[in-house]
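We just call them A, B, C, D, E and F in the order they show up, numbering each chain from 1.
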Amino acid sequence: MPSPKFKPAPEVLSGDTADIYFVRTIDILRGVNLNPVATMEVFGSRAGILCGIEEVKALLAEVLPEDNREVWALDEGETMEAKEVVLRITAPYQSYGVYETAMAGILAHCSGWATAARECVAVAGKIPLISFGARHVHPSVAGVMDYAAVVGGCTGCSSIAGGRLAGVEASGTMPHALIIIVGDTVKATMLFDKYMPPDVPRVSLVDTFKDEAEESLRVAEALGKRLQSVRLDTPSERGGVTVEMVGEVRARLDLAGFKHVGIFVSGSVTPERITHFIERGAPVDGFGVGSYISGAKPIDFTADLHEIEGKPIAKRGRIPGITPNPRLKRVM
Amino acid sequence: MPSPKFKPAPEVLSGDTADIYFVRTIDILRGVNLNPVATMEVFGSRAGILCGIEEVKALLAEVLPEDNREVWALDEGETMEAKEVVLRITAPYQSYGVYETAMAGILAHCSGWATAARECVAVAGKIPLISFGARHVHPSVAGVMDYAAVVGGCTGCSSIAGGRLAGVEASGTMPHALIIIVGDTVKATMLFDKYMPPDVPRVSLVDTFKDEAEESLRVAEALGKRLQSVRLDTPSERGGVTVEMVGEVRARLDLAGFKHVGIFVSGSVTPERITHFIERGAPVDGFGVGSYISGAKPIDFTADLHEIEGKPIAKRGRIPGITPNPRLKRVM
Amino acid sequence: MPSPKFKPAPEVLSGDTADIYFVRTIDILRGVNLNPVATMEVFGSRAGILCGIEEVKALLAEVLPEDNREVWALDEGETMEAKEVVLRITAPYQSYGVYETAMAGILAHCSGWATAARECVAVAGKIPLISFGARHVHPSVAGVMDYAAVVGGCTGCSSIAGGRLAGVEASGTMPHALIIIVGDTVKATMLFDKYMPPDVPRVSLVDTFKDEAEESLRVAEALGKRLQSVRLDTPSERGGVTVEMVGEVRARLDLAGFKHVGIFVSGSVTPERITHFIERGAPVDGFGVGSYISGAKPIDFTADLHEIEGKPIAKRGRIPGITPNPRLKRVM
Amino acid sequence: MPSPKFKPAPEVLSGDTADIYFVRTIDILRGVNLNPVATMEVFGSRAGILCGIEEVKALLAEVLPEDNREVWALDEGETMEAKEVVLRITAPYQSYGVYETAMAGILAHCSGWATAARECVAVAGKIPLISFGARHVHPSVAGVMDYAAVVGGCTGCSSIAGGRLAGVEASGTMPHALIIIVGDTVKATMLFDKYMPPDVPRVSLVDTFKDEAEESLRVAEALGKRLQSVRLDTPSERGGVTVEMVGEVRARLDLAGFKHVGIFVSGSVTPERITHFIERGAPVDGFGVGSYISGAKPIDFTADLHEIEGKPIAKRGRIPGITPNPRLKRVM
Amino acid sequence: MPSPKFKPAPEVLSGDTADIYFVRTIDILRGVNLNPVATMEVFGSRAGILCGIEEVKALLAEVLPEDNREVWALDEGETMEAKEVVLRITAPYQSYGVYETAMAGILAHCSGWATAARECVAVAGKIPLISFGARHVHPSVAGVMDYAAVVGGCTGCSSIAGGRLAGVEASGTMPHALIIIVGDTVKATMLFDKYMPPDVPRVSLVDTFKDEAEESLRVAEALGKRLQSVRLDTPSERGGVTVEMVGEVRARLDLAGFKHVGIFVSGSVTPERITHFIERGAPVDGFGVGSYISGAKPIDFTADLHEIEGKPIAKRGRIPGITPNPRLKRVM
Amino acid sequence: MPSPKFKPAPEVLSGDTADIYFVRTIDILRGVNLNPVATMEVFGSRAGILCGIEEVKALLAEVLPEDNREVWALDEGETMEAKEVVLRITAPYQSYGVYETAMAGILAHCSGWATAARECVAVAGKIPLISFGARHVHPSVAGVMDYAAVVGGCTGCSSIAGGRLAGVEASGTMPHALIIIVGDTVKATMLFDKYMPPDVPRVSLVDTFKDEAEESLRVAEALGKRLQSVRLDTPSERGGVTVEMVGEVRARLDLAGFKHVGIFVSGSVTPERITHFIERGAPVDGFGVGSYISGAKPIDFTADLHEIEGKPIAKRGRIPGITPNPRLKRVM
């Protein structure tokens, strides 16, 4: 994927989103005129996929003095070990100290999302996954969440903002709302077919009013070759999507001559569920993953000072001096 | 707390953060000229504290036609049951259908944070809690996360943006960075005392270089009556903060005549940890809560259409027609 | 319920179903001309509902000498404690020794079934239960199994033989086979209505071809007031019957004016499932219980000699002499 | 083993043991004159040993029209997978529909018993097992239960009826009753020796009055070379039979010169107990298995229609049309 | 019980049993001529019964200067809380510092034994317990172990040394060795009866050669009224002593007219086993407790200095100064 | 290690520490003039390291008649299986019967300690272990406990008595008491250095007043090359010693040029903790093990007679006659 263009938000640059004690620290250091070159190292609390480092670099590029800075980091999307240093900054402390909150937060949230996506991808093998969780996060991070999901390995995402950041076409099928307003799944599918540009795949949602197997046959008969796939999203009140349902819908579609129609599964999809479907041989052609990715716990990141003016130092519990990590690349 | 002024972001209003299939649905409905008055009901998947409804109402106020709308909702900060309807909108569908993603996402994230905060508050009783988790979320939501923590019952928060939204003064002590740069805890505390306005409480962080009990006595002797409290944040590499440590620091401060100095505890604080400290009688005067709140799993919200032009309808698994909920108040 | 007429089968009377060593024991005792009056006590290995004692008494009535016998027992359907003596026989040993196998087996199997039925009834309260498990036991015991289920508290059963033994009308709805042969649920229900005598309740099975809620409305519209209830028997491949499905079918029937139509639930019904439905308020009007009753583990019974010619005796591990039990009644 | 001669019971042929709704279905189909050729497939809910198919075939041979039937099945005693089709019937539905209850019940009960027997045999290796559970089932199925145990791999059984069905000699030792009536184990054993034909093995039960090791030596001294083995059946009140007891009895018999006397163990024998004895090297020469086999849970069987007049059909949750299974053999 | 006369062993007084670093510490303090009055406090790591304090006091009485000492303590046999101060010594440090090892060790071992004894006594109620564990500890502590068991509540013990310390008559029945040498339980019991003084209770061990119930009757018949009780000590190879065995031996003794003969149970006796016997109503007249008491884990004791020359001090993790405990009594 | 000189204590020889029934048994046997040559076999209840056999042999050498004795045994420190015979005595029973209690007790306690020590050694590999548990056992067994720890593989022990028995120099560092009395860790360490002979290693205890890392640097600077190591013994109130603390102290010592200073860890050391430290790569140079060894549960030993005057015999549950064990060596 092409590298996205991240641009630091004004309220981040102003320190507005920072912990207030960093703002105060800068005030005090200015008061005593203390601005040593300090080396900060950043590491995550558990292993995973590093994400957010591009956005952090975009921030540092704006704030660090060009003639007195050295930044080393891992790449976006690389795996990282628990407590492995993924970012090391050496620069005058006053230039970047206030951004510790923002940098740790970007890495925490993005790496959490990307790592959860990777867990799904790891078990799904060649079956494509679409990030469907925009509805479960605040819209201010919907885009960056979907971006992180793609960094983790998803082939697409549902939000327009996420698609743009990740450099992919946002994708989706049709919502229950359309079918309910139109009043019938077949009618709604035919309207979709009529009004959407030809490059939008025709995927019909088949669990709104009737049994999924029955509805699948009805929409397949209505659209014929133009139907790309059906989406099963059976609610928990009806037992959710089961392995056997997928197999039966496949068999009934095949018996009726619709072998070209794929089956897309959504609803409470997790690595365990994906594994369950695959191990039992359910013929799934794609999964939509929602809150497993979007609701993933952030990976806490910690930033520690390890050198002041070239002298090793550290708080209790940490080793003074630079922590060796040959995987780091100099990025600035 | 005073009601904050939320203002919908341009990328939300433009539909940019929405799932693409809602944008397409509106396109199709416009194509067939279908814009029925539709009633949508929104509920969360588990019980908790409702938060985000003020932001959602600010969004609806901008988009719904003033002469054809009816909105019912619970209040910000109210408790809600699992699957209880917390928001009901009746208006022409084209005016609001595209915002389903944003509305569900706002409620999901904010209610998740507020609910986690309430869990901590419920066990902490009268001991005040400060939200310290800004560093664990993307800066785009750091403010709204801290706001939700205060809605859930925290008495303060660390981010400036959060403090402003929540109508409280952002609070903090001092970071390890200040002490490491200055080189000594006592010196750093004295600089803090010298440069900070008098209304900022003097709270010294006492685990950076020396044993906490020893350091507590040193800073107390240095600042005397001006020292408000010490903060214990012992890293896990040193066994974390223990019940016994709090008791001993208290005893040693008292023996030395510093009964006025409070003890503030941070680091991996959870409801279980708070309970553990309280049940064993540890004399804690305040807790800083980080990722338990900021990393709380969002509460998934679902939006369902239940009436079209006044006629009851619903997808399989749901009951057609208005779901009675006498707790809802008409808000628009 | 009226006491059934049990008649010992010829192969039981002939000793053919006995353990061969009892037949040999009688041969040896005859050889040495030893036929003492012996007292045998029978007890079950765990607590439960005693069942089968009527059939045992019918057997003893045929084989014990009328002038030299004394039999004490608990009643059919009484609760019994683990290891409580439920039957005591005093008579010449040669007259009944060979029937130890049959008597223990009757009590074991019947008490196992009745006890399982009672466990269901205990949690179902006033909701009637029908024994549906005939298909899961050998036809030679299908009737006696259903009889035991009624002894345990079921209000009815599905097998004709069981209904006759238990003195109730066998009951049932319609099988999937009828609907599949006819090709449509509504058509099958209308044929049932046409050909069955008026006293047979019209209960339609609504999960064969379409979604249960949809099919329920279709059959209700076809039969109107004559429809007594619908039966939900959703297969596990479709997630089984859920609490929410029952509630939704109820709501949709009510909305359409069919409040008189009951809802009957079958498929994997156990005490846990019954409790689950009741605790969550599902409006169930009856349950069909299958293999929980029919596949219940028999309660092992043990028969021990405690007196020979009036002299206390017992094998190791047992107390010699009559075991007092004031609950026993003399029955012969 | 030779194939047994099963004969359908009159109450099965009359439909008396059937679920009443099958009888009603035939009535309705006759009413509308509907008797299509239907294909029914039968499968079990879990893996195991198929048993009862011979009895089912005997039933079908009596009821299906010779000129319009096709029956495929697995063999008696074959292993079957969960949900594997083990029987497929194609014939006019009215000729066999009413026997669905009986066929499923025969397979359920017999396969449950045979499967449990196989589990014991699988861990016992070359040590012979005798089915001792007739006393724990209703006498109407005592014979067929013992037959199923032999199908599952037991080398013998205790009931006369079971022995006849399975084509083996029923076997047994002596009951506690004989010893208690005679008053002494040695005396009882000598009477057994005197009165039984020479081909009946002399096996003495040695736990009735004295310690097993002591009694074993006493009976061995009394019968000498004619004693085939001793049976240990220690009650749980005395701690049951232990591995060490078997070893000690073996050692004491050997020390006294009775190496030819075998040791047979009974009482609460399960696969776990058999494994326990074998892994610890207990010199057991045979086990008697009771309620582990006789009380085995039946394996539920399901019968589904998959074709009507050659046209694929199926209820929801099943795949329409013939289910391929190359292991099936045509049997009719 | 009367207070025993403990006398410090020479190797304790010489410092030979001490940790060498205490000996060195005294050497150093003498070198620098430092002998401050120091206050040491001693507490156990878990709750229990304090035992050994008499022996510790005997040691302190020998070594502390009479004119410069103050000792506070709980009483022998009192309950103590976890971490409760049970002993406080104020005296010149050189006089007692080297005995920290011995004092802690005496309290640790003795309190561990007494606490385990108390756990047994607490559940045994009025049934007397005899300490039988001398064979499971080194003979150098056999006596003091039995003494601690009596402090904990046992009514007697088996070792002569223990009986003398505890001021009770050592008690016992007869060992298996006597019976094996004599060759028969009845003969051995009669010899015991012949040679023992009349005040030694006649208790026969009845599990050596024959079944316990049979042997009990044999010895009762041999000794008649002179038999006080039988002891059941069935080895695990025979299933151990069971509740049912005790009940049966009782019943058979009663039936034969030996109601005066008690039943004493030994072998793997623990609080759980005692509770098991009592809850199920086994008529036990006494228990012999072995390794549950003798193998009890010592309760670790810690000794901390809290004042030096009247000035509060403590190491990290402890509170400086005297720890208030109103339960302490001044003992020196 | 050289074989220690054990000498039976007078109270053991007098029978004073014996179970009283053995004393009585000898009285009876003398009364009837019965003194057969008897073979006794002794085995432990679980696998482990045999210890105490040297002390037992010293006892037997004093009491068995030289012209009529045969003793076979395993060696001190050998591994033994559960129930393996480790000692076999053939001699006139009256000469040794009374010592069954003492012999079993010596083996029980010593083998328990040695086995626990071996468990620690097995996971510690080349890292030396010192037995530190004298303070947790009665001083009468402090020496023999430390001796058993060395038999189990410890390289040293803390008690003087134990060192002498085991033939090693007792070792130790310095107690908290010395530091508290002197008032400062550095001062105490310098006094130690001044007054101790040069061959005593300088090991400073660094957790008394200050943070361990800070204190380690202070004492290293004070003693320079003469400092052999530091001991970390952090109390649980400060989180105990952690893997990370060891690593950090190592790193800070190295950074400051003190690579020669070792790190010794004590406090709650168990095999699990040792493994934990080793698996995570903590650079530990030695462990002090306390109550894991000293509080180890004794291994119960049983003594059985197997031959009387050459004739095989045994109580119920045991096999009569000599139990073959080719590992035994004749020792007397």
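The definition used in the following text is that a residue touches a chain if its C-beta (ideal position, glycine included) is under 8 Å from a C-beta of that chain, and two chains touch if they have at least 3 such contacts.
Worth saying up front: this structure is predicted, and the values here are computed from it rather than measured.
Q: What's the minimum number of touch steps needed to get from chain B to chain D?
A: Minimum number of steps from chain B to chain D: 2.
Q: Which chains contact both chain A and chain F?
A: B, D
Q: Regarding the chain B and chain C pair, does the interface count as same (over half of residue numbers shared) or different (under half shared)?
A: different
Q: How many angstrom lie between the CA centroids of chain B and chain E, rounded to a whole number?
A: The computed centroid separation for chain B versus chain E comes out at 58 Å.
Q: CA centre of chain A versus CA centre of chain D: separation in Å?
A: Computed from C-alpha means, the inter-chain centre distance equals 58 Å.
Q: By residue number and range, which residues of chain D touch two or more other chains?
A: If we look for residues of chain D contacting two or more partner chains, we find 209-211, 234, 236-238, 244-245, 248, 316-318.
Q: For this entry, which pairs of chains touch?
A: Pairs flagged as touching, ordered by label: A-B, A-C, A-D, A-F, B-C, B-E, B-F, C-D, C-E, D-E, D-F, E-F.
Q: In the complex, go through chain E and note every residue touching chain B.
A: Chain E residues touching chain B: 312, 316-321.
Q: Would you mind writing out the residues of chain B in touch with chain F in their complex?
A: Against chain F, chain B makes touches at 209-211, 214, 234, 236-240, 242, 244-245, 248.
Q: For the complex, which residues does chain C have touching chain D?
A: Spelled out, the residues of chain C in touch with chain D are 9, 11-12, 15-25, 27-29, 31-32, 34, 36, 38, 52, 93, 97, 100-102, 104-106, 108-110, 112, 132, 134-144, 158-161, 163, 170-183, 191-192, 194-196, 200, 207-210, 234-238, 290-291, 294-295, 297-298, 300-301, 304-305, 308, 313-318.
Q: With touch defined as at the start, can you tell me which chain D residues reach chain F in the complex?
A: 211, 213, 244-245, 247-248, 251-252, 255
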